[in-house]
Amino acid sequence: MLKMNNVTKVFRTDLVETHALRDFNLHVQEGDFVAVTGPSGSGKTTFLNIAGLLETFNGGQYHLDGLDVSNLSDKERSRIRNEKIGFIFQGFNLIPDLNLFDNVDVPLRYRGFRSAERKRRIEQSLEMVGLASRMKHLPSQLSGGQQQRVAIARALAGEPRFLLADEPTGNLDSKMAHSVMDLLKDINARGTTIVMVTHDPLLAKQARRNIFVRDGKVSELHEVSAFAEDETAASKVANSKQ
Amino acid sequence: MFNSSSWEVGPILRALMRNKVGALLIAIQIAVTMCIIVNAIHIILERQELMARDSGIDEANSFHLISTGFANDFNEQVTIETDLNTIRALPGVIDAVQINAIPISGGGWSMGLQTQPGAEFDGVGTAVYMVDEHVLEALDLELIAGEAFKPTHVRWRERAQTNWPDQTIITKAMAESLFPEEPWQQVVGKTVYINDNEPILIMGIIDKLQAPWVGWNNVEHAMLSPEKTLFSSSRYLVRTEPGRRDELMPKVEEILAESNKGRIIRDVTSMMDTRERSYRRHGAMIKILTTVMVILTVVTALGIVGLASFSVNRRRKQIGTRRALGASQSAILRYFMLENFLISTVGVVLGAALTIGLNIYLVQAFSLDRIDWYFIPLGMLVLWMVGQLAVFGPAKRAAGIAPAIATRTV
Amino acid sequence: MFSYYLRLALLSIKRNPILSSLMVAAIALGIGASMTTITVNYLMSADPIPHKSDELFYVQVDSWDPNDPYDEPNEPPDQLTWTDANNLMNARKATRQVAMASSGAVIEPHGQDSKPFNAGIRLTFADFFPMFDVPFLYGSGWSESQDLAREQIVVLSRETNERVFGGENSVGRSIRIGGNQFTVVGVLNHWQPVPKFYDVTTGAFNETEDLFMPFLLKEELELPNGGNTNCWKSPEGDSFKAFLQSECVNYQMWVELPTERDKQDYLAFLNSYADDQKALGRFPRPLNNRLSNVMQWMEIQEVVADDARIMLWLSFMFLLVCLLNTIGLLLSKFSGKAAEIGLRRAVGASKGDLFMQHLVETACIGIAGGIAGLGLAMLGLLGIGSLYGDFAENLTSLDLTMVAVALLLALVSSIAAGLYPTWRACNIAPASQLKSQ
């Protein structure tokens, strides 16, 4: 599904070169639920941006769903984001001027669905996150957890093969975080591949696989079943170094 | 690949309704700008039409001057005869006449002509030009019916003299106003009355000659009266061969001034300068309105640029999110262009109403003409285009916002 | 506190130089355009003799054609006949009275090198100079007895005196005008009422005349007619005298009537005069005599040009667009400061404090716009001056009043423009901006 081989990303300014990712290798199977953890500055976000085709990279290869996406035009990348990837952001990123219906509608418009099809999908996905009755509400009228559910509905409405979540519970209290996680697991259970970036090891534990990123590299890979106590300690140490 | 779903009219409108003030500010600016521009263009065209009217004489190659006698031994009659003979004999001069008033110059003499004698009948107002038999050649007039003056027709007129010569030549427009029922050709040979009951025979008709007053309703009404004047000040109008006017103006002035020290030669002016002076306020109005229009359009466009830039900045995150969700750069560009188009539409519809309102006011208060209907759609089109051009820069910048901004916190 | 606000305002203006200069430019353009047209209209409609403009009255009597009024609907002629001008002068029923006419003649300066030139003449009476507060550089006007004696005396304008006598005190010297010898009795200082109210028949903003001489010399020296001559019937006979005795109007008349009672008395006199004339077979129209004070007369004569009024209204709309522009830009600017405002609220600033702070900022922009606008207005007036040439020569100068008006207009309009954005900015809840999202 997602295959990165020796992906490198370098940020250049006039004075310094920063290697955000170096020889990054990762394979994610269809239907998997991977949590990517690591201290801040480790390259998590860069990985997420490249995986989601939000940023280009300097070297290596990246195949998404069998397609080499290294040299695509901006327009083609936009289309792939729209068709194959669903995004969930830490800050929800709902458009404050649009009601829930119009928010979920946004990616469907870019897909070019007809109005009846869009309506069906919007209602279906809002139904799934339990907010169908509040379609005409504005994001500001909802709680954080509800907003994130709308964002998930928006990500799912286009029926992507692949869901990218960036600290999906970062702005939520633990109760809301729980229900959002349950929703994600539920979605994964229905066959959607999920890659979730988080700094929270407890959250990561709920995924099927964990990847630990440090200094722009995958330093450890775990099946969650093999998850060990000392891993938490390691990540704490890494954090305190920052 | 046209697809209706990519034209987000509904969501844009709903989003605009949450941000009414900014949108309304632009819409009103567009409306007022359109109102001013359309009415200004209307006034400009009206003035241009006024200025484009032909006075009937050879303006490009003519000039005029005044000779004022002051010496006690000044013999006016001899001076005029001598002056005219001298000027007419100069190489490069086509012809010259003594004339009591210069067409389109602002100052002159008017009389009323009536078709029936008696103080109880109304006359038709006309400018009077007192000229000799050289008038057709000197003013470049075309006699389209009847006969020209002969030397025998021309008399001398004293300053306080009140009676009139027995013949006249009038303009075609004057003939049509005097006898609206008859074709102008048949006006030749008719008798009209001046000073209520003094008969005058219309012996000829000329195609065109304007009165001295460019703002007069009857500016096309003129009559030629065959007489030379002894008013102590004489005006001469001189027509030269093409291209020789500027060389002859100082020459004529000098020759006349030298030939007789008992008078002064003054106000030597080309007809082009006379026209410029008579129409100066219209020319000035045109320039001022044009300046206002240009500046106003720039101000409105800058306002749109400013507000659009601000709204793009405010929505950076949203734009990044849209990009992340699959919007291509052109979709973002289209979004802002379409948003501006919708705001402009409100503006130009409002503008159409304002334009008509202002025009109605101008018609009533300043007796301007009504605007032609097609000015409105044209004005709307122009303002739409101004809006689209102004928003293009900010929209282009919005399209350039990196999708990765969506994952950035803060 | 004010100086603190001022410092904050300047900081904020500096932080957004492009937005700030756009706003200043918008206000400056709006103020510049309106001040240009306001100045032209203000000067056109100015009171040329403010301390006594309501004591001076223009005299109209209806001597016109029985069949048609002079002007629709039923306006009396705007000038008098020679006969009426002289009869009303001789009656001496007002505190002061002048009849007048314009004419022209050739002046022949002494000396071989100076050429003869044509001069504009105002024919008038002795009361002209005290009545209209005409300033003298040398000498004075003349007396009533000199009027009646038809003495060949003249008052020169300052410019004419420069031209003929090199600016010396020429009182008592002789000057040759239209082939006759005159004695100079006075030289005016610079005098240019705007509008040139005492005779607007040939243009309200013309230059004052080159010289002034007794009215009755017109008859004595058979001086030519200046200005407009209108007749409803032709003179009876071909002599100069016949023209003077005709029903042709070419003369203006002003009277000075200090009280309302004087005015009523004078109007009654005019009416009885008209009745007397009817008895003599003149004045065939119904009684229709008018007295208009200076500003009324300017109004009747439509001294303010239509084009100037059209431009005034257009420039106000222009200012409106510029202000809408400023409101939009201020909204942008203040909403960009939401975080700062939220923080200030959180640390205890009241809404009133913030309101003042932003109002001071708006006012600073307004004053900068006003000053720049004044500069633009001067450019605009220069432009109008060059476009209209000598027609507008006396209409394109900014005086102190106009400068004050410009600054006030800029201040008021920018604060008006700033009110809504400021109010919106101050209503930001204290806490809302402290969260990172």
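Each chain gets a letter, A, B and C, in the order it is written, and its residues are counted from 1.
Here is the rule we use: contacts are C-beta pairs under 8 Å (C-beta built on N, C-alpha and C of every residue); 3 or more make two chains touch, one makes a residue touch a chain.
Computed from a predicted model, the values in this text were never measured in an experiment.
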Centre-most chain [mean C-alpha coordinates]: B
Chain located farthest away, centre of chain B as origin (C-alpha): A
Between B-C and A-B, the pair with more C-beta contacts: B-C
Chain A and chain C: spacing of chain centres that average the CA atoms, whole Å: 75
Distance from the mean Cα position of chain B to that of chain A, given in whole angstrom: 69
Cα-centroid distance, chain B relative to chain C, in whole angstrom: 26
Junction residues of chain A - those touching two or more other chains: 91
Touching two or more other chains - residue numbers and ranges from chain B: 409
Touching two or more other chains - residues of chain C: none
Residue numbers on chain B that touch chain A, as the complex places them: 1, 3-6, 8, 10-11, 14-15, 18-19, 317-318, 320-331, 402-404, 406-409
Residue ranges of chain A in contact with chain B within the complex: 45, 48-49, 52-55, 74-75, 78-79, 81-83, 87, 89-91, 93, 95-99, 102, 105-115, 118, 138, 154, 158, 166, 170
Residues on chain C engaged by chain B in the complex (per definition of touch): 19, 22, 25-26, 29, 33, 65, 67-68, 105-106, 108, 115-118, 178-179, 224, 233-235, 237-240, 242-243, 305-307, 309-311, 314-315, 317-318, 320-322, 324-325, 327-329, 331-332, 335-336, 383-384, 387-389, 391, 420, 424, 436
Complex interface listing, chain B residues touching chain C: 21-22, 25-26, 28-29, 32-33, 35-36, 39-40, 43, 66, 68, 70-72, 119-120, 122, 158-163, 195-196, 231-233, 263-264, 266, 277, 280-281, 283-285, 287-289, 291-292, 295-296, 299-300, 302-303, 306-307, 309-311, 313-314, 362, 365-366, 409-410
